[in-house]
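These are the structures in question, set out in turn.
Shared chain: subunit A. Partners: subunit B in the first complex, subunit C in the second.
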Partner chain A sequence: MLVSLADVARAIVSGVLIGSVYSLIAMGLALIWGVMDIINFAQGDFMMLGAFTTYWLLELAGLDPLLSLPVSFALVFALGVLTQRVVIERILQAPMVSQISATFAVLMMIRYGAEAAFGPFTRRVVTSYTGTVLRFSWTTIPLTRAIAFSISLVVAALLYLFLTRTYVGLAIRATSQNRMAASLMGIDIRRMYMLAFGIGVGVSAVGGTLLSTFFPIYPEMGGFFCLIAFIIVVFGGFGSIFGAYISGIIIGVTEAVSALFISPTLKDVVAFLLFIIIILVKPRGLFGARM
Partner chain B sequence: MKRAALSKVAAVALIVVIVVVAVVAWLALRPKGPAVKEVKIGVVLPLSGKLAETGADLKRGIEFAVEEINAAGGIKNLGGAEIRVVYGDSAGKPETGAAEAERLITEEKVVALLGAYQSAVTKTVSEVAERYKVPMLNPDSTSPALTERGYKWFFRTTPHDETFAAQHVEFLDYLNKKYGNLIKKVAIIHEDTEWGAKTAEAWQKHLKAHGYEVVKVVSYHAATVTSLDSEIETIKAANPDALFAASYVSDAILLVQTCKHKDFNPKLILAQDAGFINPSYVKEVGKDGFYIFSREVFNWDLLEKIPRLKAINDRYKAKYGVDLNGNSARDYTGVWVLYYAIEEAAKKASPENLEEFRKAIRDALAAIDLPADKIIMPWAGVKFDSKGQNIKGRGIIVQMRPEDGKYHTVYPPELATVELTFPMPTWAERGG
Partner chain C sequence: MSLTSLLKTPLGFLSAAAVALLAAAPAVFKAADLPFPANTLLLCLMYGILAMAWNLLSGYGGQLSFGHAIFFGVGAYTTMVLMLYYDITPWIGIVAGGAVAALVGAGLGVPLFRLRSHWFALATIAAAEIFRLSFIPWKWIGGSAGLQAPIVPREKALYYLQYAGSYVYCYVAMLFLAAELVVLHRVVNSRVGYYLQAIREDEDAAMAMGINPFKYKMIAMVVSGFFTGVGGGIYAVRFRFVDPFAVFDLITISVYIVVAGILGGMYTFIGPLVGAFVFMPITEYVRVYVVSRFPRYYGLHVFVLGVVLLVIALSVPEGIVGWLEEKGYVRKLKERW
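Coming up: the complex of A and B.
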């Protein structure tokens, strides 16, 4: 098959669009990982909660997904803080296996709790602009995906400003760099952890909300997104939030472009292969150092 | 002390004698009355676990058929003996299903088995049935391989996936004949587990046999798919006239959405049931799902077309509050087919000799030839080939209609309840 320039451009655009949603989930994961050294297996399921919050607010209160975005963030943020207080805090010093088991237990509770509450059914978030498509001469872009991409950029920028320009943000970064020193400087480590975990899962919920505007939602949807997020975080450099953002987009584009040149069936294989190659060449990930 | 011990021995001896005499007397004198009061059939279904809801639905169809048979006078050739069902719960697992089948055969001494819905469970249950030489009737599993094992005791009334694939292609022939050769090139998209892959394989085989060109085959992994953009791009580039799809629920929704925003307009999208007929899909896909075709085994609007069905469905609905569906109707039919075979078998053997009776049922099944008006399914009848497959079974093709957002039967023509729309209108023609 002859591949034209328009085909490549189309694939890249499509990859960037889905990649920007991967990025949101991955950034949250990277933040938690970077600050607390905790691998949050439930990340994808917090994302699912974000998606369902949007769904129910639309169904029950007629709230537009864009307006439910802050609610979705706030709710999942609160749940994240609660999880941190009740579960994570107690296992911070525990062996890694216990930590993994604990976040895995959270995953099971959220995923199957949602399945028990909502049923295993697939649902869709449908608004007046769901079917709107932006048409260009060389490609088409669903409006919802364009919105998702823009908001993911805004969220990444806000997170950047928060971490580099605010006192609390600096304190979180200080905590991630040296827990002991930060504590000696008068930073309330416990509070920083709560914030980091809350924001980490909250950002992922924003991803869920955006995703729900163009992707069918169901209680088990978090699984693969979480897996992709892991790959992205390792790819981008452990704990590097902006590395995670860029890597998310790289993975999205790799999938789409390899689907074009090789075969759609192999797109995940190629993305994971690229991941392994990068890890072999740069074991600390693309954007190596800590934040 | 000695006297007491002696009398104790005497007492025990006396009891033993009385019991022995009583048993011998009962054996000799017990009434010979009507030979059999009931005939037990064993049913294995997923009554618990993830498929419990489906299992309960299937069980209703079976229960209802048994009640009707018994109310109509039971097995006439056995002096009105009633059919009694003994259930085994597979919990959706092949190994549990096999254990339950063994229990039903050896402990409950059932004359025949019926079940077990999931192809994987039907496979192990039928292995047990074959080993014990017990006839098994399978009304509801569609893996083609089940009737390719050379089993002597296994019979399947439902058409299977291969039959459906063949029928899809016949449907294309029908459209081409009626609407003027519009379809020559076909693309296939399928999820990549065994079901999707086998379906795609069967499609390719039958499409090629009928002279269609398969221009593209694309698979994806339903559990991990986050976007179908590149899949649809690739297919669109191959410019097919028709798209065949084998998908589960959320990926089916995603597929339709992607076709829409990529403005991909094949003249026909034809699905292999599964996700496309799932109530969640039907509810959520909305108007974007209009005009898409799917294969079905049964459809609500058949009530108008199959005379027997309407009356039975009315009674069924009065009792359970729901309509018969593809699952309950197929199992209901399965019990009736087994009943006809038992009536035949009763002419040649008696359930008192279990082994002989089971053999007689098997032979009766192998020879059965029911006309269409004896069953409620949209089939031409029931007649098994040497592999145990019902060669008169067939599916139907339905199209989601814009009038009410429901699937209506459009093929075969004699069962159609509405005129189908073909080619599908393009996305632009539909507006918004």
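Coming up: the complex of A and C.
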């Protein structure tokens, strides 16, 4: 098979665009993992809820995905806070088995609850600009993906500013570094955990909203994206939020470029093999410093 | 303890009665033409086999696996391929499926046992995905369409282990379950079982005592893989159909096994079997009586299972049998036998 340089360039561009959405999902996972040391297997399903919020707001109220974005964040944030209070808070000190099974239970309830509620159908979010493409001399970019990329950058920047420039953000990071010391400094740990979990799943929901503008949505979609997010987080060094952003883009590009050379199913096999090799060889990831 | 004196203890009598009931049940279901209880019983027995096998590695050994679908799928495919392509009876095929699954377990153990706690769990999920994705384009074994066994004439039913309904398969499953119980009981009450528990509690301390964790985890993985593969073989002959999506499924195979194990009690001998007998009827009831009648609500049975798992994980993490043991309603099996 002959692959021209232009094909590779186009693959890189499309990889960066899709990778920026992967990054948002992975950042949420990394935030929760880093702050609370909880692996949230339901991350992809919170993302799916974001996508479905967008879909229903468009169907029922005619709200544009860009306008429903804050709603999807807020709704999933609230659900995340609730999950934190009802489930996660009670398993923070529990053995690993209880932790993993509890987040798996949340996964099953959200994913299959959504399937029972919405039906197992595949849906599309169609707006007036869905088919619009930006034309360049050497490639074309769908407008929806360009928008998704820009918003992803903005959200990542906002999260960065929040975690490094605000009191609450600093408090969340302090909690992740040393829970005891943070609580001695007068930080309300419970509140920080609720915020971290809410923001973590909320950011993923924003990723879901952006994804829904150019990707078919269905209740079980979270499974694939959660696994991708795991690969990204491990690749970026677990707990490192900004490592997750960069490695999300790297994974997106790798995926798009390798699709030129190998078949789509084998492409995912390579990704999972990489995942196992990375945790075997370099468990701290490429950007392995904690936050 | 002899059988007659065992019958005199209340729990011994209850267990004997349960075994007798279980043995009579499929025949009664067949006579009364009750397919639903028979199907459910078969699933209870099958997931019982799987969860008991899983518990050796994940409960006794503490190596939490979310990838047991690998062994299940490999066992199912081996049985099917031997039957379809080489005309080998499933009676051998099921055992061969277990053997191949055990080999796969040994192969996977080499890299995966370098990982601890949640890293091991994550790697098993990734490994199961790799198996599923690699079987999809594998044309020789049917690719994504899977393999289907043709209907055979009645006189060959015993050779190809092909019977209508679940009734006969219940006895097949009971046979393998009995064999598994004997083997596992010996393993957990031997040096291997004690070393595994030592490794689970504190791997570094176990190493300091001269235990080689890799060796004992490997034994647990091989035995666990074998019986999970046997479970897959039983599935293949019962449903006469295997495809990569069904047999390597993360939720309906790997996670269901974990749910049965946790629900019944991971750190107990018989717990996972009890767990399978508790959760399978619930989810099957919802699936058959609610979801099949109202297909609109497809997925509800898994949702219900999620609720069960959440309640268990939050309020009774030691599981049903673990809780009974703690309260003193049942003595630990080890002390009694």
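By our rule, the second predicted complex is superposed on the first by the 270 of 291 C-alpha atoms of A that agree within 3 Å, B and C clash if a C-alpha of one lies under 4 Å from a C-alpha of the other, contacts with A are read in each partner's own complex, and residues count from 1 in each chain.
The working rule: a contact is a pair of C-beta atoms (placed from the backbone, for glycine too) under 8 Å apart; a residue touches a chain by one contact, two chains touch by 3 or more.
Quick caveat, the model's predicted, so the values are computed rather than measured.
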First, second, both or neither for A:Glu115, with subunit B first and subunit C second: second
Touched partner set for A:Thr265, first subunit B, second subunit C, both or neither: both
Who does A:Leu273 touch here: subunit B (first), subunit C (second), both, or neither? second
Once chain A of both complexes is superposed, is A:Ile39 in touch with subunit B (first), subunit C (second), both, or neither? second
After superposition on the shared chain, which partner residues are touched by A:Pro70: those of subunit B (first), subunit C (second), both, or neither? neither
By the touch definition at the top of the document, which applies to A:Ile91: first (subunit B), second (subunit C), both, or neither? second
Where does A:Gly223 make contact in the superposed view: on subunit B (first), on subunit C (second), on both, or on neither? both
Of the partners subunit B and subunit C, which touch A:Ala102 in the superposed model: first, second, both, neither? second
Check subunit A for residues that touch subunit B in one structure and subunit C in the other, and list them. 223, 227, 263, 265, 268
Interface residues, subunit B side, partner subunit A - complex: 192, 218-221, 223-227, 229-231, 233-234, 237, 249-250, 253-254, 257, 260-263, 278, 280-281, 284-286, 288, 432
Applying the document's contact rule, which stretches of subunit A touch subunit B when the two form their complex? 1, 7, 10-11, 14, 18, 22, 121-124, 126, 131, 133, 140-142, 214-218, 221, 223-225, 227-228, 255-256, 259-260, 263-265, 267-268
Subunit A contacts subunit C in the complex at 39, 87, 90-91, 94-98, 100-102, 104-109, 111-116, 119-120, 219, 223, 227, 230, 234, 263, 265-266, 268-269, 272-273, 275-276, 279-280, 283
Residues of subunit C touching subunit A in the complex: 58, 64, 66, 111-112, 114-115, 117-119, 121-123, 125-127, 129-130, 133-134, 136-137, 250-251, 255, 258-259, 262, 266, 296-303, 305-307, 309-310, 312-314, 317
